[in-house]
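Attaching a single structure in structure tokens format; questions to follow.
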Amino acid sequence: MKRTAFIPTLVLATALAALAACGSDDGDDSADGKTVITWWHNSNNDPGKSYYEQVAKAFESDHPGVDIKIEAMQHEDMLTKLDAAFQSGDTPDVYMERGGGELADHVEAGLTKDLSESSADVISELGGSVAGWQTDGKTYALPFSVGVVGFWYNKDLLAQAGVTAMPTTWDEMDQVVGQLKAAGIEPISVGAGDKWPAAHYWYYFAVRECSHDVLTDAVTSLDFTDECFVRAGEDLEDFVGQDPFNKGFLSTEAQTGPTSASGLLVTGKVAMELQGHWEPGVMQGLTEDKVGLGDKLGWFPFPAVDGGEGDPAAALGGGDAWAVSEGAPDEAVDFVNYLLSDEVQQGFAEKDMGLPTNPAAIGSVSDPALAALLEVRDSAPYVQLYFDTAFGQSVGGAMNDEIALLFAGEASPQDIVDATQEAADAEK
Amino acid sequence: MTVSTDRAAGAAAPSAPAAHPGRRRRSGAPGGALRTALEVLFFVGPALALFLVFVVWPIIRAAQFSLYRWKGFGPLTDFVGLDNYSTVLHNEVFTDAFTHNLFIVVGSVLLQMPLGLAIALLLNRRIRGQGLLRTIVFVPYVLAEVIASVVWLQLLQPEYGVIDSLLSSVGIAGPEQGWLGTPDYALWTVLVVLTWKYLGLAVLLFLAGLQGIPTDVVEAAQIDGASWWQVQRWITIPLLGPTLRVWAFLSMIGSLQLFDMVWVLTGGGPANSTTSMATFLVTEGTKRHNYGIAAAASVILFVVALVFALLYQLLVLRRDTHDRTRLARAGGGA
Amino acid sequence: MSRPLIDPDRDLGVPAPGDLRPRKRPRPSAAQGGGSPLVYVGALVVVALTLGPVLYAVLGGFRTNAQIAESPAGLPDPWVLDNYRRVLTGGTFWRYALNSAAVAVITTALVVVLGLMAAYPLARYRFRGRETLYVAFLVGLLFPATVAIIPLFILVTRDLQMGNTWWGVALPQAAFALPITVVILRPFLMAIPDELEEAALMDGASRVGFFFRVVVPLSGPGTVTVGVLAFVASWNAYLLPLLLLQGDMKTLPLGVADYSSQYSSDAAGVFAFTTVAMIPALVFFLAMQQRIVGGLQGAVKG
């Protein structure tokens, strides 16, 4: 019996050998002598999907020997797959980056190519909008769609409440809220259940309260001791105290379904919502006829805060950029440059796929609400990247958690700063 | 856990008298030791390989990740010792989540034990349609937690949901933000839905226990003039002790792992009022890419479950071993 | 939740292979009293509370949203078949159901085949390290998949490149179901009379041959029990598929959760979708009721 003692050991060894054999296989390059470029994007519906196919074909015909393999995925799928790809190091050649802390992590891990020189012309053309995708003065991705956050509103409902001019200061905003309530209309929807839509309020108050220097500094030094951050929370606390939000906002989702914050706006249940530039598209998706609010939709920027140190014209926003992974062939960089060309960006704008960053394409945006938003974006002294993106998911997540607690009346302005600082210190 | 090796070795269905440990077969197997080894490898190998790769290895990795700061890509280089543990233990979201788990552990037992017992005693009476009743009571348990949650999500809709409208028809107004949207009520609501879902299991197990109680004891008491209630109070329930204690153990371990229902009903909100340790670690890991922190939280979750299990074994279940030997000697048995 | 744990020292509540007598239904002891009207009222309340939500969902699927909004607690009037027709002709339901079925079948097959094979030598061979091996599986009972979910996610998506596949979900699920399977099956196999084995060996069969010719057929009831438990657990699983499956590969629980948040205001549609998603589990349960109940009771019976 002693002789069979080795069985468990043997089995263990076999299993470990099997485990060791489970490596990932790399093999994505040229099959028939062609240079293969893999491209992941999230325009998995028409017109975006076929437009990008067409764009890839055009590039292939100009560059014989290049074969672009497109994978169009649903947004969440793409994020999951990208995570897995970053983990395995088997990244697609061309993919989307949201900038900020996430990009900085990828850069630090050596996953993303420095485009500063190879795309210098494009970068200078894009101007200030590339800022969110730069680390240590180097550019790692080219933004192809950048938008800003602002208030989307239902013109009919505001007119019904007797509001004629959109608020430009928070005092005026308070008035509008009062008028809407008096007219029996729920003023604002917010998807605090998803946290980030609620967090946008705090970010924007911070943009109004803090000077540009303080914000820029916070991104690199992760230091939130400036008083302005507490004041941002106080402004928000005051506003939440007026009870301007939809019933059940603490568990309202951002944009899935008709009871979400976007759904409430598009179905005329509330008058306004603070959201990003994707809102018209989201609302179209939430209506049977794919029209959304149509002509009734208006947009105005986040009002100014009295005594704030921030530029009242500064905006909060973000977007998507094309990045090239470190091991990708040089042609991938050419392809990314082509994606930002006047021609491709104009088509992109005409098809309402996003907010083009190439100045030559801005005239092609037809939607008036989006045009108003673009005007604000392009006249802004700077566009502050969403804090949760800028600081990375870890700090951003802790920040959003605490802001959502403030909406529930369970955290103070100081708590937000403390929680953020604590998460930031853990990153240092 | 209620297992120990020495007892396990002799385990067999009592209804199968052939399985006495003393009568194990001799090792006079055909072929030599090598052959035995190969046969064992053939039979156990695949299962063990699967077990090692998908159970043991990930758990070792969890312990390993918990010592590093790791964003999910690149090599594990940023060794931080026990920092992740201290971060997790100082994180209010986690400590709150832990409290919520404890609330569910205690709440489940306190609600389901009396309710389950009452229903089991009810069903144990000689009534028509008993089999059907048992099936019905068990239905919620068979449904996926997700499905149960989605149905309840609709029932609990603020204002328009059937629960609020029934309440308002008797003059009670539901909370303005909804039962699941109000921080003070949300966890209680989750507890109610959990109770609905899992009560069937308690009833089923209690019934099985009840039907194992020797009838002669009960009959003797009745001849002595004991009322139905007295019989339950002084004979049935005490004899059900072991069943109750094992069930409570299962319920606790389940409550510590609470995830599906919270994720669907509230996502941990509003304002983190319904987070559990499992929702915390999933959020930290897959959403925030703090894999080290997520791993530390899972190790803590494991240790909590283990401590619970050991304490429970030590303080509560141990009695059963004695009870059972006594019973067995008295000729009662399971 | 609530993976049943097994105490091997307890009656497993399932007939042992040698026991060919039909199982006696436990008779309600005369001493427990009969049914007074009050008892029936109590039973009715229990039934109403238990089935109420389920029936409400089933009936809700036959109503329109207007009907539900107007009278949340009402009955269908008139009955509308449209919601169910939409779900059943919509395609997504069938795709999710196919994924669920495929994952559950693979999981169950792995659990039954590997579990039975592993339990055999653990029950009937004598070799050193046998108890150690058995304890290794037993300890596995202590590890909920939740604890290992993050490394599992990384292992499956990155190391094995099996993210978003049926196997990627089925393999870990089967692995986590193995401990309980081995624990249930081992006493079963131990209970096979030695005489049978001796006779088989005398006829020249090897122990491997004995396994396939005698053990496998005789262990039917036990394997059905573990198979049913594994199937139901896989069919209802949420966390692992949530992390591993996307898009067209989603299983029914994921589909139901998605549908519910995407069409939250289409209550009738949600009810119809959820009801249809419930049916397979309910039918399966009714068909296998004795097995499930027996398995669970056996798991805890005191």
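Just so it is clear, A, B and C label the chains in written order, and each chain counts residues from 1 on its own.
The rule is simple: a contact is a pair of C-beta atoms (placed from the backbone, for glycine too) under 8 Å apart; a residue touches a chain by one contact, two chains touch by 3 or more.
Everything numeric in this text was worked out from a predicted model, so none of it was measured.
A count of contacting C-beta pairs for A-C and for B-C identifies B-C as the more extensively joined pair. Taking each chain's centre as the mean of its CA atoms, A is the chain most distant from chain B.
Chain centres here are Cα means. That of chain A falls 41 Å from that of chain C. In whole angstrom, the spacing between the mean C-alpha positions of chain B and chain C is 15.
For chain A, the set of residues that touch two or more other chains comprises 1, 4, 7, 22, 83, 87. Of all residues in chain B, those touching 2 or more other chains are 27, 36-37, 40, 44, 48, 53, 57, 72, 286, listed in ascending order. Residue positions of chain C touching 2 or more other chains: 126-127, 133, 136, 154. For chain A in complex with chain C, the residues that touch the partner chain are 1-2, 4-5, 7-8, 22-24, 73-74, 76-77, 80-81, 83-84, 87-88, 253, 256-260, 263.
Chain C meets chain A in the complex at residues 126-129, 132-133, 136, 154, 157-161, 163-164, 246-247, 261-266.
Every residue of chain A that touches chain B in the complex is listed here, in rising order: 1, 3-4, 6-7, 10-12, 14-16, 18-19, 22, 83, 86-87, 89, 105-106, 109-111, 192-193, 247-252, 393-394, 397, 401, 404-405, 407-408, 410, 426.
Remark: chain B residues 27, 33-34, 36-37, 40-41, 44-45, 48-49, 52-53, 57, 71-74, 83, 87, 93, 158-159, 176-178, 180-183, 266-267, 269-272, 283, 286-290 touch chain A in the complex.
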